[in-house]
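One structure is given below, represented as structure tokens, and several questions about it will come after.
Every chain is named by a letter (A, B, C and D) in the order it is written, and numbering of its residues begins at 1.
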Amino acid sequence: MNSLGKNFVFTSFGESHGRAVGGVLDGVPAGVRIDVDMIREALDRRAGRVAPSLEDGCAYSLEFKGEGISPRAKREKDEVEWLSGVLDGVTLGTPIAFIIRNADARSQDYDWLKHNYRPGHADQTYQDKYGIRDHRGGGRASARETASRVVAGAIAQQLLAEKKIQISARLVQVGTETNPDKFAQYIADIQKEGDSIGGVVECTITGLPVGVGEPIFDKLQSHLAYAMMSINACKGFEYGSGFSNVALKGSEMYLSNDSQLVSGGIAGGISDGNPIVFRCVFKPTASNRKTLESLHSTLNSSPNSPLASSPKVGRHDACVAVRAVAVVEAMAALVVQDFILAENQ
Amino acid sequence: MNSLGKNFVFTSFGESHGRAVGGVLDGVPAGVRIDVDMIREALDRRAGRVAPSLEDGCAYSLEFKGEGISPRAKREKDEVEWLSGVLDGVTLGTPIAFIIRNADARSQDYDWLKHNYRPGHADQTYQDKYGIRDHRGGGRASARETASRVVAGAIAQQLLAEKKIQISARLVQVGTETNPDKFAQYIADIQKEGDSIGGVVECTITGLPVGVGEPIFDKLQSHLAYAMMSINACKGFEYGSGFSNVALKGSEMYLSNDSQLVSGGIAGGISDGNPIVFRCVFKPTASNRKTLESLHSTLNSSPNSPLASSPKVGRHDACVAVRAVAVVEAMAALVVQDFILAENQ
Amino acid sequence: MNSLGKNFVFTSFGESHGRAVGGVLDGVPAGVRIDVDMIREALDRRAGRVAPSLEDGCAYSLEFKGEGISPRAKREKDEVEWLSGVLDGVTLGTPIAFIIRNADARSQDYDWLKHNYRPGHADQTYQDKYGIRDHRGGGRASARETASRVVAGAIAQQLLAEKKIQISARLVQVGTETNPDKFAQYIADIQKEGDSIGGVVECTITGLPVGVGEPIFDKLQSHLAYAMMSINACKGFEYGSGFSNVALKGSEMYLSNDSQLVSGGIAGGISDGNPIVFRCVFKPTASNRKTLESLHSTLNSSPNSPLASSPKVGRHDACVAVRAVAVVEAMAALVVQDFILAENQ
Amino acid sequence: MNSLGKNFVFTSFGESHGRAVGGVLDGVPAGVRIDVDMIREALDRRAGRVAPSLEDGCAYSLEFKGEGISPRAKREKDEVEWLSGVLDGVTLGTPIAFIIRNADARSQDYDWLKHNYRPGHADQTYQDKYGIRDHRGGGRASARETASRVVAGAIAQQLLAEKKIQISARLVQVGTETNPDKFAQYIADIQKEGDSIGGVVECTITGLPVGVGEPIFDKLQSHLAYAMMSINACKGFEYGSGFSNVALKGSEMYLSNDSQLVSGGIAGGISDGNPIVFRCVFKPTASNRKTLESLHSTLNSSPNSPLASSPKVGRHDACVAVRAVAVVEAMAALVVQDFILAENQ
């Protein structure tokens, strides 16, 4: 299903090459002025239209490399149309519905996908499950769907900011590289090779009061993991000591001065007043030149695939983790705001 | 809150040193004969009362080391009392309620916890959140609560087995050790030191048909992550390529012959017909001798803590991941059965 | 909140005088061809744009009386724009989002409502609850919101029709009148007086298999009552023997040949294979000429209400139960389809 | 399913002649002292063990007529065992689980029901739905199940009382009789005839602040109707003007001085600060002597029903609405407390 949350509920809809993507956000308090510029900025970060600064840890966006804003990012310029829930820029307490229309895509580019499945994509499972799919660019499985999440998440972030709760994510690893200063070059090299690479996004939540999280099945980490795992290409979630510290002994962890190392700001599923720190790993996209050329040549050798000769290698991100940063923030904000509403914080 | 699932709903209740722990399982089809022996066996694995075989990958249980069944495991022998939902061993389609009574604990052992918080436990966040807590052994945050999950999960496993869906978990890493043959000695050494160590549990789901999982917010991996993160001491979840393969390039992943490496049996949130493989990491317990002795000496130096002189170092698992194996299986079974019901599979 | 259902989820949004009203319908199976004409017809019935026939029991629509389609109904002609979930007229299994744009209203007609509350409307409770409201014609509390429900309900009815489940509602009482042949004249007389009157709508569900309904808190009648009570102006729900037969003794009920009289097709919360029959009562609208003139004169006597002199008496339905017929059908269809999905029927 | 509520969740379990009935109440704030006497009193009212006073409107209990406490009511004396969530009489903020053990029933009394269905009961639909049922006295469909609701509801009432919210229900009609002074004689006469009769229970909620209720699908009246319709034998719900005033014109309703007549304390789904008033109708029980004797003679004439000769006519309430009063209060309290938690009131 396509809704998230209990008291603060986000519903997402829209195929990547249909009329529009959009969402409904229910449970937004009345009387809040919406900062539309902040939402636009979040959308631009997600789309790779602004150059992320080194400061915010999201060190690099492919779209900018050498050539400024790419034609594709320009074409996709996300215009939010507000359908309900807002009057003169102020929330009414009623559901906020919004859409972002999809630009007319040259859908013939996708014709070859009618009869072929891309490796590493959800083409086949969608076809198997539904017996039908919108083959044009991934449908619901496309990263375009995350634009709706970013709009909703930005509104959640605005509500949280009023309570001094801040959520910020950044890229902390690309392939084997952990020095942010070197991410840009690393990714550029990968792209030149026609390849792609994974990365790790870290997110910090500050200002969260003690007591957020409901044992035993509404633990804070459970909901964060749930939300992160719904992001395309996310293959893992960890908080506090995570996987990385599996070799540390108990005495090393608990007797160190860095108790945050273990807890990540959560104990027993409940926030302990320290910053929450968690990380998500994103796999490399399968839509890189090398993979597609390989697929291409396989398809060409099959006499039953007349369309096989035309797979276009579109522009694709060499490291999707870069653009995922904005989505991680958005999802974390939706989760935290839902807790805040439920717990009267 | 303490319920999990939408169409197959498990509700857990009970403090570790209250009258009983127990659960209610709603949505169990009628007319199914319950295999009580299988449930007892799962409970024994969770409690460390049976020696896990090397074969099932859960290579070692502390309680057995050298001395057979420990007095504590014996005392805690879990007797399930079935309160409803079952008539003459067969399910009625109505909610199955069960309890496992807690043995009388020498609660004076816990008196010192009334006024002290253990590091690495949820003592403080519970106190902060609720303003009150059952200090006797952790209350709801105790691992004892997982006994209820194991009962419910075992029932789910029985239902899944009828559809040829098998769930099995095993220990795949202890500290730095990844050779199962060496886990027993590794853990014994840690215990002798009075220390504790983390571990990784891997779980495989076979026989799952194509099509299980509901994009975009009921993806299969989202629900698995959600359920796993609710287990005590679990600090991370990954599936398919996970964190471990962040250094692999796209071409290496997708052009390898092991496509399972990346997907873990899920694409776009939907099962692809291959085995599902995921891993969870468990931190070392903080209740080891070294940590507690350190706490002890800190407390003794505080003039305001008259009870501080009595912290007893109880028997604790040197590697909680060992006993977590049964809980991982149980939680996975609950998640999968909930999907199966919803999707009419 | 603004969502209904568990496995078949309808989310409604939109203020009556905002950009649009609309909805998202999640859980629609893939591969179903949508009958757009049937949806338009349902919308026309709700809007009073088609003359209901005596046959379907909905004997009269105010808008037609003597003068054909009213200017207001014409202006409001509901055009559905499909945003997602449908490709070439066939469902994709993804959420179906749709909107119906609102015509530009002469919003100055509503200016006097900024500072005044209409009796019998939700103006005051919305203002009290949210501290803000869309005063233009009722916002979310307006009957216009039900257009979204009718679209979603019509899709549900199409899905149910494939399983031979039919839902049909009709007007069975207007004021004291229970003879459908006389409804038209009765309502016309009330309208001439500048007054309004209540009515009773009866709904029958046929073709429902035995076994639909989940004791004890998802009984079929519970969900039907829940859905009906959400309709504007609905003040009561009954099924089977209901309120009307409170004077019958048990022997008279159960030993009669009409066992349906009592059960209404449901026993213990579960459908028994007979037609389901339930009734809803709708109060008269408060926006009739008599009530508003009275309000007008009260306001005029208050020196602090400069806007009070301008309350316009718009065209209003003398009997809202007439147009409620289409909404009752829609809500019943949403409820039943949700059960059907959950129960694999 | 068997859970009710979103933030304050009650789960019910237990068959009438199984080990126990019971429940789990999740979302109870920590630190509240439970008044066990008040719970016992509510259970006694439900069971007909205390003579309801004329004052509280529940004018009569069959069990008392002429003979004091009946043997059956005595035998069924409900002892609540608290399993979790309470320490030294004070809530812990964790789920409260409780059971009421069933007395050993002479189950041979029910043997004839193995192969026969009682008219007006859920015997057949349960059998059809589940393919199995606990034939001993109705299983989950038995009124005994409502004991769990009364325990949970009494706790909710205690929480509401702290906020000065009072819920009280009373019998306002028995058959054609609306004078409470005459209810006792009326019911006694019906009982002597070996017959049964329906009744209407009215419930008033006072002290509820303005603003409780969430349009458009979590309206206050929707949740009240939902909960009431889940009570055995309840065939209808109305609030405010309801069914009874369908003949009143708008001008008569809104220009009267009794605006409560229409609204029942709710406008647009939101409490308006006035007392909430609603009514439920309960059908006569089918288990009266006349109905069963008729069934008996039918069964005896069938050669294939060897067990047919033994249907015992147990003691049954001539008017189940009497005992329903306590259940209506309990369900209303559960609904209101769930809203109060969600709305931070």
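Some points to look at:
Throughout what follows, a contact is a pair of C-beta atoms (placed from the backbone, for glycine too) under 8 Å apart; a residue touches a chain by one contact, two chains touch by 3 or more.
Since we're looking at a predicted model, the values are computed, not measured.
Of all chains, D has its CA centroid at the greatest distance from the CA centroid of subunit A. Looking at A-C alongside C-D, one finds more C-beta pairs in contact between the chains of C-D.
Annotation: 39 Å between the Cα-based centres of subunit A and subunit C. Distance between chain centres (mean CA atoms), subunit A to subunit D: 48 Å.
Our note on geometry: subunit C versus subunit D, Cα centroid distance of 29 Å, whole angstroms. Looking at subunit B, one finds that residues 1-3, 7, 12, 94, 129, 140, 215 touch two or more other chains. Of all residues in subunit D, those touching subunit A in their complex are 6-7, 94, 215, 342, 344. Chain contact summary for the complex, subunit C toward subunit D: residues 1-4, 12, 119-122, 124-126, 128-129, 140-141, 145, 173, 175-176, 190, 193, 195-200, 210-211, 213-219, 221-230, 235-251, 253-255, 259, 262-264, 266-273, 281, 283-286, 288, 290-291, 294. Within the complex formed with subunit A, the residues of subunit C that make contact are 1-3, 7, 9, 11-15, 18-22, 24, 26-27, 30-31, 81-85, 87, 90, 92-97, 99, 129-134, 139-140.
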